[in-house]
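The following blocks contain the structures, represented as structure tokens.
Next come two complexes built around chain A: one with chain B, the other with chain C.
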Partner chain A sequence: MSSIRPRSAAAYWLAIPAGLWMLAAVVLPTLLILWVSLWGGQSVSPHNPITFDNYTRFLSNANYRWLILETLGQTAMIMGITGVLGYCIAYFLTVKVTSPAWRTALFLAFVIPFWTSTLIRAIAFVPFLGVNGLLNQALLALGLIERPIQAFLYSRLGVSMAQVSLYTLLASGPVVYMLNSIPPALREAAMTLKATPFTVFRRIILPLTLPGIVIGQVLVFLNVLADFITVTTVGGNKLAFLGNLILLFYEGSQIRATAVVSVLLMAVMLAGVAVALRIVDIRKVGG
Partner chain B sequence: MAAPPPALPQLDLELRNIRKRYGGYTAVDGVSLQVPKGQFVCLLGPSGCGKTTTLRCVAGLEEPDAGDILIGGREVTRDPPWERDIAMMFQDFALFPHMSVAKQVGFGLEMQKKPRAEIARRVGEVLTAFEIDHLAERRPAQLSGGQKQRVALARAMITEPRILLLDEPIGALDYSLRETVMLELKSLQRRSGISFIWVTHDQNEAFSLGDLVVVMNHARIEQQGKPEEVLSRPRTAFVAGFIQGNNILRGKAAGAEAGLLRVDAPDGLFSVPLRGRPAPPRGSEVSFSVRAERLLESPGPEIGNRLSLRCNVVEYFGAYRRHVLEAKSGALVKYDQFGALPQSVSPGHLVSFGWKTEDGVLHA
Partner chain C sequence: MLGARGQRPRARLTMHWKTRSRLTSWLLGAVTIGFLLFQWLPMFTMFLLSFAGENGGTTFPMNGVSLHWYRKLWDADLFDDFKPPMLRSFLLALGCSATTVVLSVSAAQAMRGRFLGSGAYFYLLLLGLMAPGILVGFGFAILTRLLGIEGAWNTTAYVVHVSWALPFGFMTMLAVFNRFDPRLEEAALTLGANRITAFRRITWPIILPGVIGTALFGFSLSYDEYARTLFTAGSDGTLPLAIMAQLDRQLTPELYAIGTVTTVMSLVAIFLCTFAFWLRSRALRGRPTP
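What follows is the complex of A and B.
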């Protein structure tokens, strides 16, 4: 099929438009932010000397250090929950649901909500989780609680519930793909070699879906770290993570602090992706 | 209800009236089979005939709707695969892509909770026996088709099952490799004493390998017997047609006399031996077959069954020459000449043919 060889002149020419766009939209702004984060002096000016003062000032504040840890903790928790939940959903959809019609119907029911924007979906949680919200009304109607639970909205619990619902698909999708690419005969071959279903899962299915798990976790990791919308809408102003801090500094015109937090956040993201790449070779997935 | 007959301990496998339906589709419809110890059994039939479903029922990968499955005299119909004394080789080998050859071959012993040292020793022995010891650390993606086949076989055989189930085991191999692999598998089966149940649509495989050939069609067994029995005495028109080189002639029963059935066919009146079977009622539709190499060219007066045929095409197949002939009714008849005989019939010729009465095989 492919008539363009890698490293041929044509391949380079074809890469130029996208390369230029990436340079203008990603590389240059990133370098700009990095540069701003290193501006020293009292006043904001590009003529000031280059220094790490902004970083030391930020990191010397215990509140900010705690915020970094809280952000990482929240991300790890959402990764864990969406990972388990996403894997179960993926396994159920691809292995347990055998009727193609049902599988398509369930898959669409799972995917269609993600066609709306993240902002809309985050805002939709307000009437769902509020004091007079759907969840409280339902629990009251069922007689499970006597008065509405305040803690659903404008709390860490509410933000976590919303984030789990928002990002489970990201954890699940790559696993669905990997599960679908496992020939059913592998499972059967293991069973005829006396492996019980749990052993088949542990020795065959889990290792073969590991790349899907890791890719899903990377997606959730990046999205939760960058998520300030859900935290703002569902968490109100009681809650902030690193993403919200960027917005806060930006709105306060503290552009050097904004740049510092942005660079730190980016560094954490890059480190996470680097760890993931050490676990799986993404180039091999789907190959 | 009468008690079921006691299991025969000398049987490796016994199927009693197995039935399996998928929705409105009947995949296996009353299949019964007895496999004595250490037999090479070939399930032969076109795709969709139920041979693979039957095999999967034996493996425990499908549960039959009715009937009993006994392995080594033990009833296992509802047992899961991991509790059966079988191993299986899959059509595309089903090797685990993330395991090295050595790990893969040792998997079955690992599942039996054998000690590490014993697993390592036996994997070493088996890899050597199958001449794949140099591949021990490779992954399946780094193996050729023939090597994959050996790994799959080693992985199944190392567990020393009572029965090895093989689903089109050489169908994925290059044509040039198949004959060698067939010979190796046959001698492996003989040496190991393990019963092989081999599913194939290829009659050459079935007739050259099987101690017992089971021909299936439309979810049922059409005929089972020794290869030479099935080849020389096809029980039904389907079997005769499925096996290469049979001519099938149809007509109406026109009375029986001295063990011979008279068949009134569009191209003549023929005599077919009944071989102890009751004669079909006069006027009923019957069919019989005559092998293409049993036709006689310009037969003498002692040959009773004769018809004149026009030659359409002559084809060469190396070991023999095949003539496609046409009768007056339009029926096509094949005539095979073996050996280095000079060609005597050419396209366009109208020649008289016949066959000895005992070469006719009446179908059920």
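What follows is the complex of A and C.
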């Protein structure tokens, strides 16, 4: 017994506003994109015949095909880097740091930037990576390089650095959650049975944190695929991924082309999420 | 089984496992500290350069120290005035926050009623978390165009912002209700309270910290949102749009100043909330029974 009766009418009434809101603001617009991408004819109107011409036209351009591959490559790279980095940080913060005060302090230092604007954080990378930027100054002072490295800013390297900085928390957070939910008795039992720390990690910790890794990777995957802010601020105009192409077509009033790229992006995302759901059951993690 | 497998690497490696464990700690610690520096130094650079002198550029060396760029921010002309967009962002975030709280609490409470189709409902709300802003914004722009509705920051952008913050609030409230002890409500109901009174007097005060968290999510997600607003805000933009427009024209230390101001505001808000939670948990600990 609780303040709401199971399967009562009240439950339906309480569920309806949020459900309708999501249907109107997320599901319906997404279906509309799918519909618009199939519009044929010359003018942009709902009365056009349905065709796949928009897709064949887009995919017949080798530059665009290459752009899709580049976007996927960039996403895979960032997933790899943030995955390893995020796991190391999560493991250090939850397992290796024993003092509660230090753990809280480090954890806050890790999480707080996530609560500030992503756009501002991306812009902050401009003076950090520039020719006279802090990174170059530091490397010069340390004697590691002889003259400033130009390639940090307005390049793929710079964009990748910014993306790693922005998205590592997404890869790390779910792992922290899973690590915290492992009872210490499990590790102690294994240690009593004379397993080395590495064996404990490989046979107990890693399998139990796998759902966290997968969820983190899904979050990074979705964010990097759709990221266009970091690419425009840190990459200048020299670089474009699928997200930038969507914006470019939209600003050029090419609604159908915008819809085509959006649908392709959506298809890639759905495929990725489907693969992840085959590995772990997301609903079990929360419970 | 574990023991037998554990023997092998120990026999092969000369280093004792405790030494190796300590080495791993140092290595992981170095990685963590390195990453934290990498995460904070760009923001620190921005803070520092926002205090550059009048002739200061957007990069080092810093020409003098002054509040010039903050003053410029304050008495800006019509073209690069950040105050109206900032006010719009603030009001939009407040509205989004309030709506998110109401919808998330009622949706999570509904989930406790395990109604028919609640499984699909869960995924429907989760969809907003997965769908990227650029797609939602573009799709909603098509929808409003087909319906002949003019986009504006306080109508279309508001609807889309709530759809972005709602999944976060919903997940937060679900987690809160998962840890919630229904026996407390049962006691109230047994003592003759009706369900609404039980919710208002018992449930609500207990879930209040989660509600505050949801409100924070609603505010900050809306305040910082760029992609969804870009497609739906119409002619009067929010702060992130104004910042991006200024960045397109020219990068000036003024942008660093506005970046510093908004970041400091976020930090103050986080600090106040953490402090409030700390006070509350201390007050609760003081009582005889939790």
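Observations on the structure shown:
Methods note: the second predicted complex is superposed on the first by the 276 of 287 C-alpha atoms of A that agree within 3 Å, B and C clash if a C-alpha of one lies under 4 Å from a C-alpha of the other, contacts with A are read in each partner's own complex, and residues count from 1 in each chain.
Keep in mind that, in the parts below, a residue touches a chain if its C-beta (ideal position, glycine included) is under 8 Å from a C-beta of that chain, and two chains touch if they have at least 3 such contacts.
All of these numbers come straight from a predicted model, not from anything done at the bench.
In the superposition on chain A, A:A190 contacts both chain B and chain C.
Within the superposed three-chain model, A:R121 lies in touch with chain C and out of touch with chain B [touch as defined at top].
Once the two complexes are overlaid on the shared chain, A:A267 sits clear of chain B and of chain C alike. By the document's definition of touching, neither partner reaches A:I279: not chain B, not chain C.
Residue contacts after overlaying the shared chain place A:T199 against chain B and chain C alike. The partner that reaches more residues of chain A, of the two candidates chain B and chain C, is C. When the two complexes are overlaid on their common chain A, residue A:A76 makes contact with neither chain B nor chain C. In the superposition on chain A, contact is made by A:A109 with chain C only, not with chain B. Comparing the two complexes, residues 190, 193-196, 199, 203 of chain A contact chain B in one case and chain C in the other. Taken in their complex, chain A has these residues touching chain B: 183, 185-186, 188-196, 199, 203-204, 207-208. In the complex of the two chains, the chain C residues touching chain A come out as 1-3, 5-7, 9-10, 17, 20-21, 24-25, 28-29, 31-32, 35-36, 38-46, 49, 58-61, 102-104, 106-107, 109-116, 118, 121-122, 124-125, 127-128, 130-136, 138-140, 142-143, 146, 159-160, 162-163, 166, 170-171, 174-175, 178, 182, 185-186, 189, 195-196, 198-199, 202-203, 220, 223-224, 226-227, 230-231, 240, 243-244, 247, 251, 255-256, 259, 262-263, 266-267, 270, 274. Listed in rising order, the residues of chain A touching chain C in the complex are 1-8, 10-15, 17-19, 21-30, 32-33, 36, 46, 85, 88-89, 91-93, 96, 106, 108-110, 112-113, 115-121, 123-135, 137, 161, 165, 168, 190, 193-199, 203, 222-223, 225-226, 228-229, 233, 243, 246-247, 250, 255, 258-259, 262, 265-266, 269, 273, 283, 286-287.
By the touch criterion stated above, chain B contacts chain A in their complex at residues 59-61, 80-82, 84, 86-88, 90-92, 94-98, 107-108, 111-112, 155-156, 159, 165.
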